[in-house]
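So that we are looking at the same thing, I have put the structure below in structure tokens.
When the chains are written out, they are named A, B, C and D in that same order, and each has its own residue count from 1.
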């Protein structure tokens, strides 16, 4: 995953070279796959969901996969992104292109707040504190119903037309909507890729690998954790903005800890610590839920069992396990 | 005393009701290789952890190049010029050998840059390679650190500590768990390192310490028992009684 | 405000806190010994309520349900430890948490399949129906019984920890698992027993809550969040902490209910955030663990 | 504890049925994926919470909706076109519901949507349908959807609303000079119920002695009981729903509240009464859209029960089930009148429709599309007074439908 300066390059087979090229252009590869997605899945609504949750989980992966911090409260940032987009458009009358950056900025501020408290703790404590603080956000949203719509959810901000360089585009059309939202995803993918390739990207991996050593190397570990918490929250909030524009409502459940749990499930399913894992995990989870819930109303038992199996036997997720199995890929690691 | 690089005055440390360290005052001159010895529970590790910022002292002051270090968080110590290794191998196991050292080098320059490409920071990569070369690991630079042999991992940790170009290098039992062959290589490495910087060692292997060090400090029950040249320590009756007699097996 | 009303609220708060204490205890003991946060704790609480109800209807007596359900569910907990959780010792501390999270989905859905997704009536045992005049007002007999029973369980637990060899091992092990190796204890067996004890306490909480609440597959969801808050406030792994924090949260909720009832749920999360700001390791938590 | 076995057996039976219904739905979804646009059937989307705490209600709704479709298809469909019901699990989650509705509209090209149980879900579905000009008949009891902010010409509300039920219940239980206390769930639906009660109480001349808002979804209500008792009211109005209602009543009974005062709820729920048992609910009075026992005094109800029993092995339809029947049924009648699925024609037909499907005449009011209908007031029976397991309630009154029972159009913000 980490980009290494080219030293003595071992001789690569053509397939290995192809793989190397693909992972060097991982953003492009992701975008091509995403562009095909709506034509492969049974419905456009499902494809948009993969897009949205892919971005949310990708942001979460920065924290969980790359830095090793198991947050159980990431719904707070997904929800905050969605709510603030909706509130900015519906209540304050802002256009969507102003509402989205505002929502991301405010969600990042929320991440700074929650991060300041939670990064003071370590290990399991961190998980529980993030969980409880996110629940606090949930209850605040429930109570502040004049702003959020409370239990009824936020509505009344349907974006039906988007003006692109003077060209009005019907945003209710599922295909248009998908590709416009894909632009958000592309931006998020690019930013995530830059972060991972940056010096800071190396720092968070070092912290995950060995926090004590990272500190002894001269890194302010607590501050780094706070920064990555904010970055992670910001990227997940992008997914929230997309969700608000897509559904034209914000359900209160988007802040609930079960949403956080779903995000964790998705990243584990796809493979933490990998660039493609989050989207693969989101797609697998959502398709699975779609298919299994058609067989039986007890789809949760299947989802739960699959999750248990992954924790026990495939902790690296689908993509991680695939990489381990592929000699082509192993040379890259 | 103006030449002292690091100066400890009346250092003490308590854990709850237990006093691990009491009233230690020593100073370390530039260019010396000093070893700290003492039987188990003598307070070596506590003292070492205080010198490297891992623990803060309950009392006393610590000065580095005349600047007080009390209350400074651990990560700032490296930036002052104090770098350490750990008794139990402490590296980044899943990263490549090169990345292990490169990320340590990076700490001295950039921490929070989220936008530049790290591959563009060529100078850091070169410095990492130089550090690897100096501990003889350059041939392994592409391997995952956890697959190195034990002795090589210890050398890697020293490279990590070295790459910050510390004025004071603190090494906690660098030969722990090593066989005679690996130990010999490590001693040679330590001698080379000591030529250019101040080194402080915590060690168990008596013979090695006495042969290698210019100065030896002996701790016992959290107090300073002896401080002097190796030959003085060898002749010190107190040291013989509490330490040398018991640790024949380490010799 | 009326003094008698405040005293009544205090009783309500203690009764509420008593159930919180029992469930949080199970969570905290398992964490203290095994370093495992059991995310299925809420689901096992719910299973406890169903098991109590089922056993009560089978034997015709609430009391059998009260005694047998924690034992049987505790044994089920031991099975979970042996078959699933044990495989994860030595792996990342996140793994048992994730595993039990998945497990909670299976348990809740399993109960829906067996007992249906509606609630099921869990009548108060006939001996405890009705109210007692406390002088300041009427209070349900059953809730007084819950307070008393929890006090007895706490006493027994305390005696076990302080006076028996098992207790010694548990206390030593909670401080440092290495010590147990030195003592020559079969850690595997101790962990098995502790996990069973923790799950049994969750089940006991469930049976006790049964006659007070609607028994349904989702009843554990809120309880899990509450138990988390209590253990975090008290300090993960601290038994005293769980007791103090449980009662504190209960009384806090009931007092807030008097002045700003709609805030009753938020208050415990706010309390937790406040405690964490001052003491990240919780009121009675060990510093190194936080 | 005999309630235990009967409940689980009942659940088991209906579960198998639901599974069958589900797999049939699965086949229906999987098969026509290729040639959806080609066939000329009429497709009605039906989002309902098949998973979650209201699964039992949802299953009853599906059965009733399917019955309504079957009866129309048996008579040759609408203008020769067969009607198809596309059931989707909304998981009681507004986001899930919105996604499913988008799928129904974009992929399955449904002609109309009927359904939703929770207030949040109906508003989410409505938001999606109204933006896309698809008719939606809501069967959730909250009336936020009738207010001008959420309303659209595509929005119809078949269910009762809190204003109607509280008025009917208050008329039967409150008298001039009575003291009334309120325990209210602190969210929009709870506030709606409280508003209804207070208005009815003011017109009757009863006096409010206090109100307590409780957090939505709370499990413990004991902390509110001492204060409620200290208010010394004659009647306690508990304005919440589902599990909240069951928990609140159960704990009020524990505190001996029933000895001091009468407990009254806006809507008395068939399934919650089953979940908590007869002893707890004994004497509680509440409103309802439907109760099978109406068959002894109402011909339509007898007819509806007969059809339902025939289709479901002798089982009786529940309150929420009846909504599924009347919601889909009224829409299909309007489509018959319109002679097809043309949206504007169907809307016009719905607005002019007089229908009688379960309990007597109903029609949609022009300004807000609220269904004007009768309200039942029920009292939960004592265990010893129950003739059989289904004999839960006594009918206290059946208030005939009238527009005067509703909030006025101008009050809801509509142009009059």
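The rule is short, and it goes like this: contacts are C-beta pairs under 8 Å (C-beta built on N, C-alpha and C of every residue); 3 or more make two chains touch, one makes a residue touch a chain.
From a predicted model like this one, the values you see are computed outputs, not experimental measurements.
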What are the mutual neighbours of chain A and chain C in this structure? D
Farthest chain from chain C by C-alpha centroid distance is chain B
Which chain's mean C-alpha position is nearest the mean C-alpha position of the whole protein set? A
How many angstrom between the C-alpha centroids of chain D and chain C? 36
Would you mind pulling out the distance in Å between where the CA atoms of chain B average out and where those of chain D do? 74
Round to the nearest whole Å and give the separation of the Cα centres of chain A and chain B. 41
Counting only Cα atoms for the centres, state how far chain B is from chain C in Å. 47
Multi-partner residues of chain A (at least 2 other chains): 139, 143, 298, 300
Multi-partner residues in chain C (2 or more other chains touched) are 112-113, 262-263, 265-266
Residues of chain D engaged with two or more neighbouring chains: 51, 55, 186, 215
Full enumeration of touching chain pairs: A-B, A-C, A-D, C-D
Would you mind writing out the residues of chain A in touch with chain C in their complex? 70, 117, 120-125, 127-129, 131-133, 135-136, 139-140, 143, 257, 261, 264-265, 268, 298, 300-301, 303-308, 310-312, 315
Please name which positions on chain D make contact with chain C in the complex. 1-5, 7-8, 10-12, 15, 51-53, 55-56, 186, 212-215, 217-220, 222-227, 229-230, 243, 246-247, 250-251, 254-256, 271-272, 274-277, 279-280
List of chain D residues in touch with chain A within their complex: 18-19, 22-23, 25-26, 29-30, 33, 50-51, 55, 89, 93-95, 98-100, 102-103, 106-107, 119-120, 123-124, 127-128, 131-132, 142, 144, 149-150, 186-189, 215-216
Where on chain C is chain A touching in the complex? 31, 35, 37, 84, 87-88, 91, 93-95, 97-99, 101-106, 108-110, 112-113, 225, 228-229, 231-232, 236, 262-263, 265-266, 269-270, 272-273, 276-277, 280-281, 289-290
Hey, which residues of chain A end up touching chain D in the complex? 42-46, 49, 139, 142-143, 145, 149-153, 155-156, 158, 160, 172, 174, 243, 247-249, 251-254, 293-300
